[in-house]
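Look at the two complexes coming up: chain A is in both, with chain B in one and chain C in the other.
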Partner chain A sequence: MTAIARQKLEAICLPMAAILVALLLFGIFCALAGANPLGVYGSIYRAAFGQWSAWQNTLLRASPLMLSALCTALPAHLGLVIIGNEGALIMGGLGAISVGLALGTSLPPLGVQVAMALAGMLFGGVWIAIAGALRHYRGVNETIGSLLLNYIAIALLNHLVGGPMKDPSSLNKPSTFPLADLNMLGTIPGTRIHWGLVYGLVACAIAYVLMQRTTFGFAARTAGGNIRAARIAGLPVGKLTLAICFLAGSCAGLAGMVEVAAVHGRANESLNVGYGYGGILVAFVARHNPLAGALVSVLLGGILASGGILQRSHDLPDATVLVFQGIVFLCVLYSESLYGRFAIFQEREALPASRKATV
Partner chain B sequence: MKPLRNPRRLPVSRRQVLRGLLAASAFGAATKLTGCTAASEGEGEGETSSGGGSEDLVVGFIYVGPKDDFGYNQAHAEGAAAIAALPGVKIVEQASVPETTEVQEAMREMIDIDGATLLFPTSFGYFDPHILELAAEYPDVQFFHAGGLYEDGMPDNIGSYFGYIDEAQYIAGIVAAYTTATKKLGFVAAKPIPQAIRNINSFTLGARSIDPEITTQLVFTGEWVEPVKEAEAVNSMVDQGIDVITCHVDSPKVVMETAERRGVYTSGYHANQAELAPEGYLTGAEWDWTSIYTQYVEWSQAGDTLMNGGIPHIVRGGLESGFWKLSPFGPAVSDEAQQAVEAIKEQFADGSIAIYKGEIKDNEGNVQIEADKEFDQKAVELETMDWLVEGVEGKVS
Partner chain C sequence: MAEALGWLGVPLAIAAGTMRGSTPFLFVSLGECLTEKSGKINLGLEGTLLTGAMSAYAISYLAQDSVGEFLAPWLGVLAAGLAGMVLGAIHGWLSQQPRVSDVAVGIAMIIFGSGIAFFLGKPFIQPIAPKLMTLDLGAWSNVPQLQDALRISPLFLLGLAIAPLLRWFFKSTRWGLFVRAVGDSPEAARAMGISIFKVRMLSIVAGSFLAGIGGASLSLYYPGVWTERISTGQGLMAVALVIFARWNPINCLYASLLFGGAQALGPALQSVGVDSFYYIFNAAPYILTLFIAIFTCSPQKTLVGSPGALGTNK
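Now for the complex of A and B:
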């Protein structure tokens, strides 16, 4: 077996083993909580992946996570820890609804949708680019900066939907005016999954190619590896930072646009339900690899999709699904520390060499 | 597995029971072992039928937060628990479901897997677009929603219900007025929406009906669940000399506990919070969903539906229809206050009192309700209220 094949095998086996261990731990937890672990496993499988309807549920939940995860994953290649996903998502939603309402029905629906998507990406992108600029030009810690920008975005959302953009008929749940039905993003034919899933998959694929297969991505990774070396090599670190942050934010902004255009049809506090924070989790578990991010999103989507059945069929409390999520991700993150620890995944060339020496 | 839900009712021999149990456990074992196959669709049906027989009415409840939040969700869960005890009713519940596609998925699973025919998605924000979409998709399932949002032209299988809990807040204001020494009351509210404003105004009007010098300090926290700001608000109110505090947030737990720790009186909301503040809890405006949920079940068991016109699309009311109740009085409530409350309650029960009766000024001095005017609880002006009555210290925006 070649070294690369071994590495790949290790990268597949370790997370799988981590998930198995997590299932075991969660089973013990369920047994302590008074539920039959085997029954619980069966239910989780059925609710998340057991049939086409369950798959649709899982994929629906996964799609905003994929886009939001990129907001953390992309800047990570540059050595930046950005956690402003929630804020970028909200800004994207606000941008999308503003453009959608401004255009109304003056353009054909496809035109409006494209404009909304671009506006969402622009708003979200600029939001995270602000965090990047503060980092690069003023030395403000990007993690704290982007976190604080979340609060500003949430406050802005509440202000706009409660004031200037409020639809007076939305009395007890302040919201903006609704999008025209015509302009709503539909579902993928034959399913109830909206197009956000396709956006997410495409964005993950583009992000992967961009970071791994282009000179731009290489430059970014170089700057992330050693910023001083990158400067000496003549790389435009400032431009790279801004560009990557903009791209990252635009992904989360697109997720906000999808929430507005495919789910709610308007912007309101339901934009702020934690997809951003879910995305951070996904990015870290996927080790900031966009393709792995898509898979981890589906896994997390599946875990969340099983939350209902745990409550309804096993009488477990509603927080059980969070316990499950926590155990899975802790195990996966812990498994990262085990890379290189198992001889089976290592090169064996060293072994014969030492034998020769002793003979 | 519950092969026999009502063994008392069924005249079966022990042998039959044993055979049934054996078959059921074999079925259970089989499903567990083969649980990962494509047979899951049939399995879902099997569970529904073995779960309680085809006659059982399966009712689904969905909550936006935890069921034991001492607040909005707990009030609904108590109503659900009450109908679960009725014969021929099985309930399925799911808590902490956000107002996104998640609630659509939860409803769908309850219908497809658990066989629910009546759904109570209880959070206000579940209605548009989530209930509207699912109701169009499942025309045979009935959706009941707390909030009174049903309008003509919406799918026929949607019903709305809501109660005038501001009546209870008015009474709580009276109790507060009898108890306060500083004549300063506090109100912690989440958002300046008409429902909350109506509660704030009714509470204040109730207090000022006893003593017109009383004022209510108002603080909005901005979010439905914001424990840190709620605690800060209570602390700053106590520092200002306020000695009775009430609230309109999803979970009043933090408000009650903080106020109790600071040694001031509290008045509850949504559910009974007496155990959180045994010393200072005066009374509380509680939802009483038990009666309306029982009513819906009785209608359904009699064969009435929204679609055949047997169940009205909008059900709303106050004390007279059992939509709200008061928490039992705490130790600090005087006999005088209790007597005053009993008198007012009778007036609400027979509908001879109007809370919003002119002349009422807002807290900027403008006359909002003229002297000869009086608003019935159903008045649309009350449902769009965006002004605070005289005596409230605070702003809507």
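Now for the complex of A and C:
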């Protein structure tokens, strides 16, 4: 087996083993809580991937996660840890709803949707680009900067939907005025899945090609590897930082646009339900690879989709899903430290030269 | 009389609110300060806070019959600290494995900790648990707002005492020197013969103990209930607050008062009819922290007081 094949096998086997260990630990947890672990596994599987309607639920939840994960995964190639996904998602949602409401029905629906998507990407992109600029020009730690920007975005959302943009008829849950039904993002024919899934998949594919197959991506990865070497080689590190951060934020902003234009139809506190933090985890678990990120998003979407059934059929609180999610991610993160520890995935370098010749 | 206070009620309400609102901040930020001084960041304190709040409330409720209404909440406070230590031990061990990012583990711990808190805390949302007693220094007055402002929690006083204690620990004790050495320059610490793993583990576990107590102050002091929405992000905010305080425990105290006060500003102004920028006032601490970071950071040098190994995964 070649070294690359071994590496790939390692990258597949370790996370799978981690998920199995997580299932075992979660089973013990359920048994302690008085539920039958095998029954719980069965229910999660059925609710997440059991039949077509379950798959649709899963994919609906996976699409914002894919987009939001890119917000962490792209800057990671530059060596930046950005956790501003939630804020960029909210700003994207706010941008999309503002443009959607401003245009109303003056343009054909497709035009309005394109404008909303562009606005969402612009708002989200600028939001994360701010974190990148602060990092590059002022040396403000990007993790902390983007965390603070999250809270500022949440406050801005609450302020706008509770005041200037409030629909007076939304009493229990302050919201903006709703989008015209005409302008809502439709579903993929024959399914309940909205087009956001396609956005997510396309964005992941583009991100992969951009980072792995273009000179731009190569420059970014060089700067991430050794910033001084990149400067000496004449790479515009500042511009790269801003561009990558903008792209990252625009992905999360697009997730916000999808949530507004396909799910809620208006902006309110439902934008802030944790897809941002979920996306950070997806990015780390996928080791910042956009294609793996799409797969992990589906897995996490499946876990999220199984929340209701655990409550109904096993009398477990709905927080069980959070515990499960936590255990899975802790195990997968631990598996990160096991790379290179197992002999089976390593090239056998210590072999004598005579035997090497025969292989 | 009380109603006639009008605008005068605003500073009183802010003073009272500052004390109540800053107590959880104080504990969580001191815990985070200790953790970060050792060179690791713990974003998971949000989960620790929630688990602490739940444990404190549950134990206080369950123990009230056997140990009485006075002692039960204190037992709850202790349980909160211990529960925090368990979560801290997971974080401390996992975040020190090779190639594992402490930021990612922290976020996983937020999810895990809040999951555990909501899972185990579900049966305790309805029942009423005995709360911590308060020292009513305002009993002489007949103005309700003044009584309210002078009703001081022993937890707040405890936090006030821990801040200078922690500063003394860092500055003047051998163990404090170990923590600073490990946080600033792991290589030097290793050369001194200090076990980096042990020092960080103990710092993270002790920091989580404090954060757990911060949770207890939420459920047993103010707001004094257990619900799933009890924390408004104080755990995550603590990270910002420690940077704002430049990793100095005394500054953590001032910063907690400021953040707690900023939270009290919105409701206090709302009570006299100014409510148009309620949420923006609530965000004031973040905006302030961001601006201070912008003005004090520089690409050429790191922040004064910043532990050298922080964020380098060394």
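Points worth noting:
Everything below uses one rule, namely that the second predicted complex is superposed on the first by the 350 of 359 C-alpha atoms of A that agree within 3 Å, B and C clash if a C-alpha of one lies under 4 Å from a C-alpha of the other, contacts with A are read in each partner's own complex, and residues count from 1 in each chain.
The definition used in the following text is that a contact is a pair of C-beta atoms (placed from the backbone, for glycine too) under 8 Å apart; a residue touches a chain by one contact, two chains touch by 3 or more.
Because the structure is predicted, anything quoted here is derived from the model rather than measured.
After superposition onto chain A, partners chain B and chain C are found to clash with each other.
Touch criterion met: A:Ala319 reaches chain B and chain C at once.
Legend: residue contacts after superposition of the two complexes on their common chain; A:Gly39 is shown touching chain B, with no touch to chain C.
In the superposition on chain A, contact of A:Leu147 is made with chain C only, not with chain B. By the touch criterion defined above, A:His264 lies against chain B but remains apart from chain C after alignment on the C-alpha atoms of chain A. In the superposition on chain A, contact is made by A:Gly308 with chain B only, not with chain C.
In the overlay built on the shared chain, the residue A:Gly92 is in contact with neither chain B nor chain C. Once the two complexes are laid over each other on the shared chain, residue contacts for A:Gly100 go to neither chain B nor chain C.
In the superposition on chain A, contact is made by A:Gln51 with chain B only, not with chain C.
By the document's definition of touching, both partners, chain B and chain C, reach A:Gly162.
When the two complexes are superposed on chain A, the residues of chain A that touch both chain B and chain C are 158, 162-163, 317-319. Residues 31-32, 35-36, 38, 40-41, 43, 47, 66-67, 92-102, 105-106, 108-110, 112-114, 124-125, 129, 147, 191-195, 222-223, 383-384, 397 of chain B are the ones that touch chain A when the two sit in their complex. Across the interface of their complex, chain C is touched by residues 33, 81, 83, 134, 136-141, 143-145, 147-149, 151-152, 154-156, 158-159, 162-163, 277, 280-281, 284, 316-327, 329-330, 333-334, 336-337, 339 of chain A.
Looking at the complex, you find that chain C touches chain A at residues 41, 43, 90, 94, 97-101, 103-105, 107-119, 122, 228, 233, 236-237, 239-240, 243, 276-280, 282-283, 286-287, 289-290, 293-294, 297-302, 311.
On the chain A side of its complex with chain B, the touching residues are 36, 38-39, 41-43, 45-47, 50-51, 53, 57, 60-61, 158, 162-163, 171-174, 259, 263-265, 268-270, 273-274, 304-305, 307-309, 311-313, 317-319.
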